[in-house]
Every structure is written in structure tokens, then in C-alpha cells.
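You will see two complexes here that share subunit A, one where it goes with subunit B and one where it goes with subunit C.
Moving on to the complex of A and B:
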């Protein structure tokens, strides 16, 4: 019993971060028709800045690590959003709905940013101090308190995004643009502004998931690439452009990783992940909940 | 039906013979290696463009390329010395893998096909790390051609790559090439004419897979050492970059892109993190600055030279909207 609860907790914790990351990817694809390989670099920048700033702020300001973590996260997210705005304005804006062109541009950005981060931050792996020491025991299974907090924050942000897309004017504009950009414009949706905001929200999710990952993993400039591959697998499973699909896909990937990783190893978990995708696409060519076609 | 242009044939024969002659007498190992790497990358890029003609992005070419390289390594390390036979078998092996993959996955299209190819490349790479027979994570070493062929190998490799690119051009200009364009424009219309769009896509994919397989085999002979890390998703990503940076409009575009980016990557080799910055920067600048690729710059310069300072006359193809 304890084992199953432990696996479920691991799934929940890893899945919540995967979901946030994949939500950003799928939102950008849904709105702009762009397969954004630079998404992993926005994630990496969020994680790297947090890992650098937390010890620095903790040493200079004093107080608890948690406060330093919150401050660092805010600064990191602002920097990532500035970078994302520049990437959109000078790059992606020219390749809207051009899947291959935007893909190559994003690959160029991936290499450029990865090199830049390696140059600035160095290749040394970084570890963030524990933001909430202690652990909780649930039905015999143990989970670190900081993992539980990260999971709760990720779930809260996910719910806020869901509500925003479902019930606000901006959310309706984003969904209308994803469904049919031309018709949305005829209905008074400001197309270019919606695309920019959609891209910024997607990049915000990458930055937040990077910040939340920082205390839980060893951070290097290439950390974004692992998440990028998992993020793509997640949105293929869920269906490109589908928000509920990204949530289902994220938790499915985390479950597979936890179970196969426990009984076999990490490599087999990754191979299993790709096999699941291949089989799924045979029966559901647009993923589980995919409906957007470009 | 495509009629053979004598000038075109003569130009290519001269270029091919010139390249073979240069590589046969060249004393600089580095230059010959650079030419061979450029030629291999040119085949990868031309193969990527060939599949783009049916409107799909072939991210599985990394898996096919690696599979053929491993077949070559297995053959050579088990004592098979006949280079043409090994390259042919590896190319056919790549074609068979392409056939199996394409038969299953070409039913989906667009971003799904692209991303499943990306996943396939990664899963095949991970599979090598688990197989001890092919050296696991360490890979395989000692992939050498017979000593008697050693001096001629660069010339043979470049000649094979050259012929493969010419083969792509000939296939594109054939009636099958017209079918590929038709499938790209609207596969439903093609179906109504009694032609199976899936079959056209599959044949196109397998042709590209055979050529990419041959390039993979040449890669193994050229580098002498292979490991799973050599065949990551970056292979198709770079191939796409060569095709885009060079220009997709003509088969020469990917070749120019491959040569340009291969030389750039060698120039910045060893500069650590800056290598990524410069390589990524070149791709970004090329994509933002020259949307039609380098081939459009060449065309622009040629037009300007012909007109001799008069106002540049830009021809526009009304069907595709591309510069003509």
C-alpha cells in the first residue's frame, strides 16, 4: 500500500510541473501554430536564475530561504518574460502559422540561448537550498514538504489558467483565435495582441515551472532539453492545442515515469514513453483530445 | 515529362570529375574531411527537402541515418570489406526502416508526423544504449575501409553523395515529382484521381530513407567511430536548418545551406559555449534576414548582374507566390 501511495505522490509531484510546462507549449501551438523548441530555454533560464538568486538573496537579505525563493522567482519570471517578448517581437512574429519556419527559428534560439546560458552561468550543476525542510507521511509514504508546496503551487496556477481561459475576455479571445483566427478577428478580437499575450502566457508557464523545479532538481544550462522532450510527448498524447489534453498527458507521463522508473530504470521509462505515443497515434492520430488542425 | 538539359548534365559531370580529382590529389586531410562532411550533410538536407515536397517534416531521418551507420559498423567490424556492398546494404536497411516507420505513421500528418518522428529518433538512440552488441553507450570503433581504398575514400564518398543529390533532383523533376507536389497541395484531390496519396507519400519517404541510409553509412566510414550520442534529434534539426538556411525552392539550396553551416560549425568548433551561440545566431539571422534562404541572395545577385544597374525585375510565380 505504502509503495502505491509513494508512486502516486511522485506522479502527482512530477506531473504537476510537467503539466505547467506542457500547458505553455500547447497554448503557444494552439494560438500561434508554432512548435516552440525555445520553450525549454525559457524554462532553463527560470531555473538557472532561481538557483543563482536564492543563495545570493538569502545571504544578503537574511530571513528564510522560502522568502528568498519567492523573490528570486519573481525576478526570474520578469527576466524570462522580457526575453520572451524580444523573441516574439524580433522572431516568431514573422513566422506565425508557418510550422517549419518557426520550428527552425526556435531551434536557432534553442542553440543560441543554451550557448549563452552556458557562457553566463557555466556548466557546473547548481542546487537550491531546501525551501521548506521536513517531510510529511501519508499512509506510510513520505513526501518532502517542499515537494508538496511546489505541487500545490503548480496545481493552483493550473487552475487559475484554466479559469482564465474559460471565463475571461482574454481567455475567450485566445480560444477563439486558436479555433479560427480569421473568424475571431471578424468578431473584434485584436489578433496581434492576442497572439503576443498568448505567447507571453505560455512563456510565463515555462518560467514558473522552471522556478518550481529549481529546488527539486540539479540545474544545468541543458536542463530544459529533457523537459522539452517530455513536454512534446505530453502534448502529443493529450492532443496539440488541447488544454485538458496537456493535463492528462502530463500526469500520464509522470505515472509511466514513476512506475517504470521504479521497477526498471529511467531509460526504459523514456523508451516506454515513446512506445506509448507511437501506439496511441495509431489509434488516435490527433492524440486523446486533439482537435486543432493546421 | 522532364527533358534532360545537356548543359546541366555537362556542368554536373565537370563538377563531379573536378571534385573527385581534387580529393584524389589533395594532401590536406582536414580540407578533404570538411568536404566529405559537407557532402554527407548535403544529402541529409536534400533528403529532408525531398520529404518537405509532400508537405511533411521528416524528423525520423536521424533514426534512419543512425541505423544505417550502425549496420555499416556491424558489417565492417565483422570483416565485410566490400565497401559498395556494405553501403548498399546499409542504404537498403535504412529504406526498410523508413518503409516500416512510414507505413505506420504516414497516416498522421503535420505536427503529429513531425513530433512522432522526433520521438522515433530519440527512442532508437536510447535503444542503442541498451544493446551491448553495438557497444551500448560507448558505441562502436574501428570502422575503416580497406587500406587499398583508403586514399580514394573521400572521393568515393563525395561522388556517392553527389549522385544521391542528383537523384533527388531527377526524382523531383519526374512525373512522380509532380504527384508529390499535388499531394502537398491537396491530397484529397489526388485521391479523387485514383492515386493513393499514402502510397505516394510512402514511396517519397522510402526514397529519402535509402539516400539518408547511404549517407549514414558514409558517416560511419568517415568518422570511424560512432556512438548513440551522434544520432540524436539534432541530426534532423540540423538537416532542416541546412534546408531552410540554404533555401527550399531548389535542390541546390539545401546543398548550399549544408556547406555554409558545416563550414561555420567548423570555424567555431572548440570555442566552447560560444560555438552554440554563433551557430544558433547564424540560423536566427538567416531565418529573419533572408526568408528565401541563401539561394535567393545568389539569385538576387545574378539578376542584378544581368540587368546591369537597371531596376531589379522581380518575377513572381502566381501559383506559389514565390520569387521566380
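Moving on to the complex of A and C:
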């Protein structure tokens, strides 16, 4: 029993961050029709800045690490959003629904940002102090308290995004643009503004997931690459452009990692992940819930 | 008209370069380093280049290298091998065929080294590496040498010491990255633990770049092994695994035999890194390091924002080894230098050390630097035992 609870907790915690990351990726694809390979770098910048700022703010302001973490996260998210706005304004805006152009642009950005972050932050792995020391024991399984908190925050943000897209004017505009940009414009949706906001919300999700990952993982300038691959696998499984698909895909990947990683090993889990993608691409290329066509 | 003038200028420039280059090449020895300069392991390559430029500057400032009645200056360039076989092949082509490098003073990563070796041996180029493969050295590869200890030198003395200090160890669980480095570490671990009568109850691999280690730790903890051997894992990964193992209640003997970064291990693992035994985690800032190593480490911390590890220090030793080989051979011919290396005693960062390892590899191609066994105690890397190579005949 303890083993199954442990695997379930592992899945829940890892899956919640994967979902958040993939939601940003799928939202940008849905709205703009571009596959943003630089998404992992926005994630990495969020994580790197948090890992630098938490110890600095904690030392200078005192108080609890959790407060320093919240402040650091806010600052990190603002910096990432500024970078994302520049990337959109000077880059992505010119390659909307241009898969080849945006692919080259975003891969270039990925390499440039990775080099830039390596130069600025150095390659030495960074660690954020525990934001909520302690462990929780549930039916014989153990999980760090900070992991549970991160999981809860990720789930809350995911629900907020879901509600925003489903029930607000902005959400309807985003979904309409994703379905048919031309028709949405004819209905009065401000096309350019929706695209910009959609990109910014997607980048916000990358930044938030980066900040939330900072206390849980070892942070280096290349930390985003692992998440980027899993993000793509997630949205391919769930369906490109599909929000519920990203949620299902994220947890499916985490479950696969947990169970196969335990019974076989990490390498087999990675192979299994790509096998699932290959099978889906053969028999259901739009993914489980995919419907957007570009 | 303008086009013709430009063409003439380009042709003139090219002809001038061709005429002048050999003149320079006569007085300059080109040394190459093949290391990851981008991606997750880029900091290793950056550190290698930094150490390389330091030692080259020192040699040049002291008058260069003398051979055959001439004095040569040294020029060192680091090529990005991406830590992959394909990157190793590309960088080897660039080094050897394009830039005319005849001495590769350091090459990181087993896979890129194997790719580089396929060209270097054919082209008569000396290749100094940190790679572990037993099959990359020996009489079949007379131009390939290893500068730092490998599992064949480290694991035996390390495991024996651990078993001596913890005689109750009966079982061990292994974890390694799924690449050539990890596979070789795993094979040697199984062999050495077997010799001590310790049974390997689980052996797992993971992909480099993994960020979530909970499931891996769950698996290791479930084996209830007396010891965990983290083989060739990256320091951050090893720290993450140990942290998760502690959360999940596992408390046994911890080994990180091929780990190079004790600083990172402690930073990431925190208290869970306490007591970890390491075979390559030398602390170059500590009292057991030589003065040169301490100075380099201090400067590296300022310049690179991180301490040096054994692999990076190996660049210093590699450059000094080639210098010693050239001076002993009194020739810059790589084949003559390779022959001379087997009996040379380069002034490495550890002091004068020779090449040996005939019993293991079939010929003296292993630099006999000491095996430094360390343990994390109160967050510090403490030297527990320094084992001189049993085969010091090369010196």
C-alpha cells in the first residue's frame, strides 16, 4: 500500500509542474500557431532567478525562506515576462502561423538564451533552500512538505487558467482565435492584442513553473531542456492546442515515469514515453483531445 | 570593377595567409582540448579551457618548450565536443584536419573520446583523455593516454576501504547514467563488489538531464540495500537522489565512487550527503592539495564562480605531460613523444608523476596520479586515504 501511495504522490507532484509547463506551450501553439522551442528558456530563467534571489533576499531581509521565495518568484516572473514581450515584439510577431520560420527563430532563441544564461549565471548547479521544511507521512509513504505546497499551487494556477479560458471574455477571445483567427476578427476580437496576451500568459506559465521547480530540483542554465522535451511529449499525447489534453498528458507522463521508473528504470521510462508518442502519432496524430488544425 | 577589386583582395589575402601560416606553425605547437562547451556539462569544458590557458601562459612566459635545438611557443584551443560521439567526431575533424592540432591534451567523455580516437590514432595525433574504457588504451592504441584515474584504479581501493569500515555491508544497489561512462562504471562496480562478497541487488540507469529523482529514489529505497553506489552520476543528480532517499527513510552506506564535484553534492544533498565516500572528489582547496592546485582553485572560484574538479585539473597535467614528452624525445613528432611519455616523469599539478598501468592495459598509458578517497564529514570533503598506484613502474 505504502508503495502505491508513494508512486501516486510522486506522480501528482511531478505531473502538476509538467501540466503547468505544457499548458503554456499548448496555449501559445493554439493561439499563435507557433511551436515555441524557447519556452524551456523562459522556464529556466524563472528557476535561475529564483535560485539566485531567494538566498540573497533571505540574507538581506531576514524572515522566513517562504517569504523570500514568494518575493523572488514575483520578481522572476516580471523579468521573464519582460523578456517574453521583447521576444514577441522583435521575433514571434513576424512569424505567426509560420511553422518553419517560428521553428528556426525559437531554436535560435533557445541556443542564444542558453548561452547567455550560462554566461550570466555560470554552469554551477544552484539550489534553493527548503521553503517549508518537514515531511508528511501518508499511509507509510513520505513526501517533503514543500513538494506538496508546490503541487497545490500548481493545481490552483491550472484551475484558474482553466476558468479564465472557459468563462472570461479574454478566454473566449483566445479560444475563438485558436479555432479560427479570421472569423474571430470578424466577430470583433482584437487579433493582435489577443495574440500578445496569449503569448504572455503562456510565458507566465513557463515562468511560474520555473519558480515552483526551483526549490525542488537542481537548477542549471539547461534545466529547461528536460521540461521542454516532456512538454512536447505531453502536448502530443494530449493534443496540440488542447488545454484538457495538456492536463491529461502531463499526468500521464508523470505516471509513466513513476511506475516504469520504479519497476524497470529511468531509461525504460523515457523509452516508454517516446513509444507512447510513436503509437499516438501513428493511430491518433492529433493526440487524445486534439482538435486545432493549422 | 568593384567586384574584380574585391576578388583580387580576397585572393591576395588568402595567398598571404597561406604563405605566412607555415612560418608561424614552425614556431607554435598547437594543443587541443576536446570538451563540452555548450549544454548541461558546459561548465566542465569552460573550466578545462581556463586551466589550459593558464598552463600555456605559464609555459610561454617561461620561454616555451625546447626540442631539436628550437624553442616553441604553445597555443591551446578548446573545441566543443557536445559530450556526444557525434560532437567528438566533429571536433576531432576540426582539430586534426582543419587546424592541424597534433597534441590533444585533454578529451572529456567516453563517447566523444572513442569518436576522436578513431581519427587521432590514424592521423598520428597524441590523445590524452579522462575516458574510462579499458579498450581505448593498450598496445593497439599507442598514441592514447589517460590523465586521471578511472574506475579500474579507483573502485578497488575505495570499495575495500568502505567494506573495511562497514564490514556488515552485504548488499548494494547501483545507479548510473545511461551512457558509456555509466555503463563502464556499472560493470566495474559489479566486479569489485563481487570480489568483496557483496551482492548487487539492483542496478538502474537514468538519462542525463533528468530533473525528477523521486521514483528513482523510491526504487533504491525499496531494495533495502545496505549501501547505495551512485557510480558515474553527475554531482547534482547524486545529491538529489540522496536527498530523496533520506526523505523516504533509507539510511545506509553511501558511495559516489566516480563523482567529481563534492561541493555540488553537499550543496544539493545537504545533510543527506553526510558520510558519502568519494573516489574522485578531491578537494583542491584543502590542506592535502599541492600549493599549485590550491592557487588554481582559488583563482578559478573567482573567475568561473566554481571550484576546479579532477577532470579540469587534468588539463594542467596533460599539457605538462606533453611538454615533458617533447623535451624527453627532443622532437615534436607525436609518435616519438608518445614513446618518450612512457618513461617521462611530467611535473603535474600533483608533482612529478610517471605513466604506468601495464598490468591493466597492456602498456604504460595511465598517468599514475594518486587515488584520493574522500568522505563528506560535517559538510567538508575530508581525505580518508591516499592510495599510491600499485603500478608505479611507469615512473
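Quick note on the criterion: the second predicted complex is superposed on the first by the 294 of 294 C-alpha atoms of A that agree within 3 Å, B and C clash if a C-alpha of one lies under 4 Å from a C-alpha of the other, contacts with A are read in each partner's own complex, and residues count from 1 in each chain.
Here is the rule we use: a contact is a pair of C-beta atoms (placed from the backbone, for glycine too) under 8 Å apart; a residue touches a chain by one contact, two chains touch by 3 or more.
Bear in mind the structure is a predicted one, so any value in this text is a computation, not a measurement.
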Clash-or-fit label for the pair subunit B, subunit C on subunit A: clash
Partner chain in contact with A:270 - subunit B first, subunit C second, else both or neither: both
Contacts of A:240 with subunit B and subunit C, given as first, second, both or neither: first
Subunit B versus subunit C as contact partner of A:21, first or second or both or neither: neither
Contacts of A:199 with subunit B and subunit C, given as first, second, both or neither: neither
Contacts of A:112 with subunit B and subunit C, given as first, second, both or neither: first
First (subunit B), second (subunit C), both or neither touched by A:124: second
Which superposed partner A:251 touches (first subunit B, second subunit C, both, neither): neither
Contacts of A:69 with subunit B and subunit C, given as first, second, both or neither: neither
Superposition clash, subunit C against subunit B - the stretch among 95-103, 131-139, 185-193 or 203-211 that is involved: 95-103
Contact residues of subunit A, present in both the subunit B and the subunit C interface: 111, 114-115, 118, 267, 270
Subunit C to subunit A touching residues, read off their complex: 38-44, 46, 178, 204-207, 209-212, 214-216, 218-219, 222, 235-237, 239-240, 247-249, 264, 267-268, 304-306
Touch list for subunit B against partner subunit A, complex: 52, 57, 104-105, 107-108, 110-112, 114-116, 118-120, 122-123, 126-127, 129-130, 233, 237, 240-241, 244-245, 272-284, 286-288, 291
In the complex with subunit C, residue positions of subunit A that touch it: 3, 6-7, 10, 13-14, 111, 114-115, 118, 122-125, 127, 135, 142-144, 213, 217-218, 220-223, 225-227, 257-258, 261-262, 265-267, 269-270
Touching residues on subunit A, where the partner in the complex is subunit B: 29, 35, 37, 90-91, 94-95, 99-101, 103-105, 107-116, 118-119, 229, 232-233, 236, 240, 267-268, 270-271, 274-275, 277-278, 281-282, 285-287, 290, 293-294
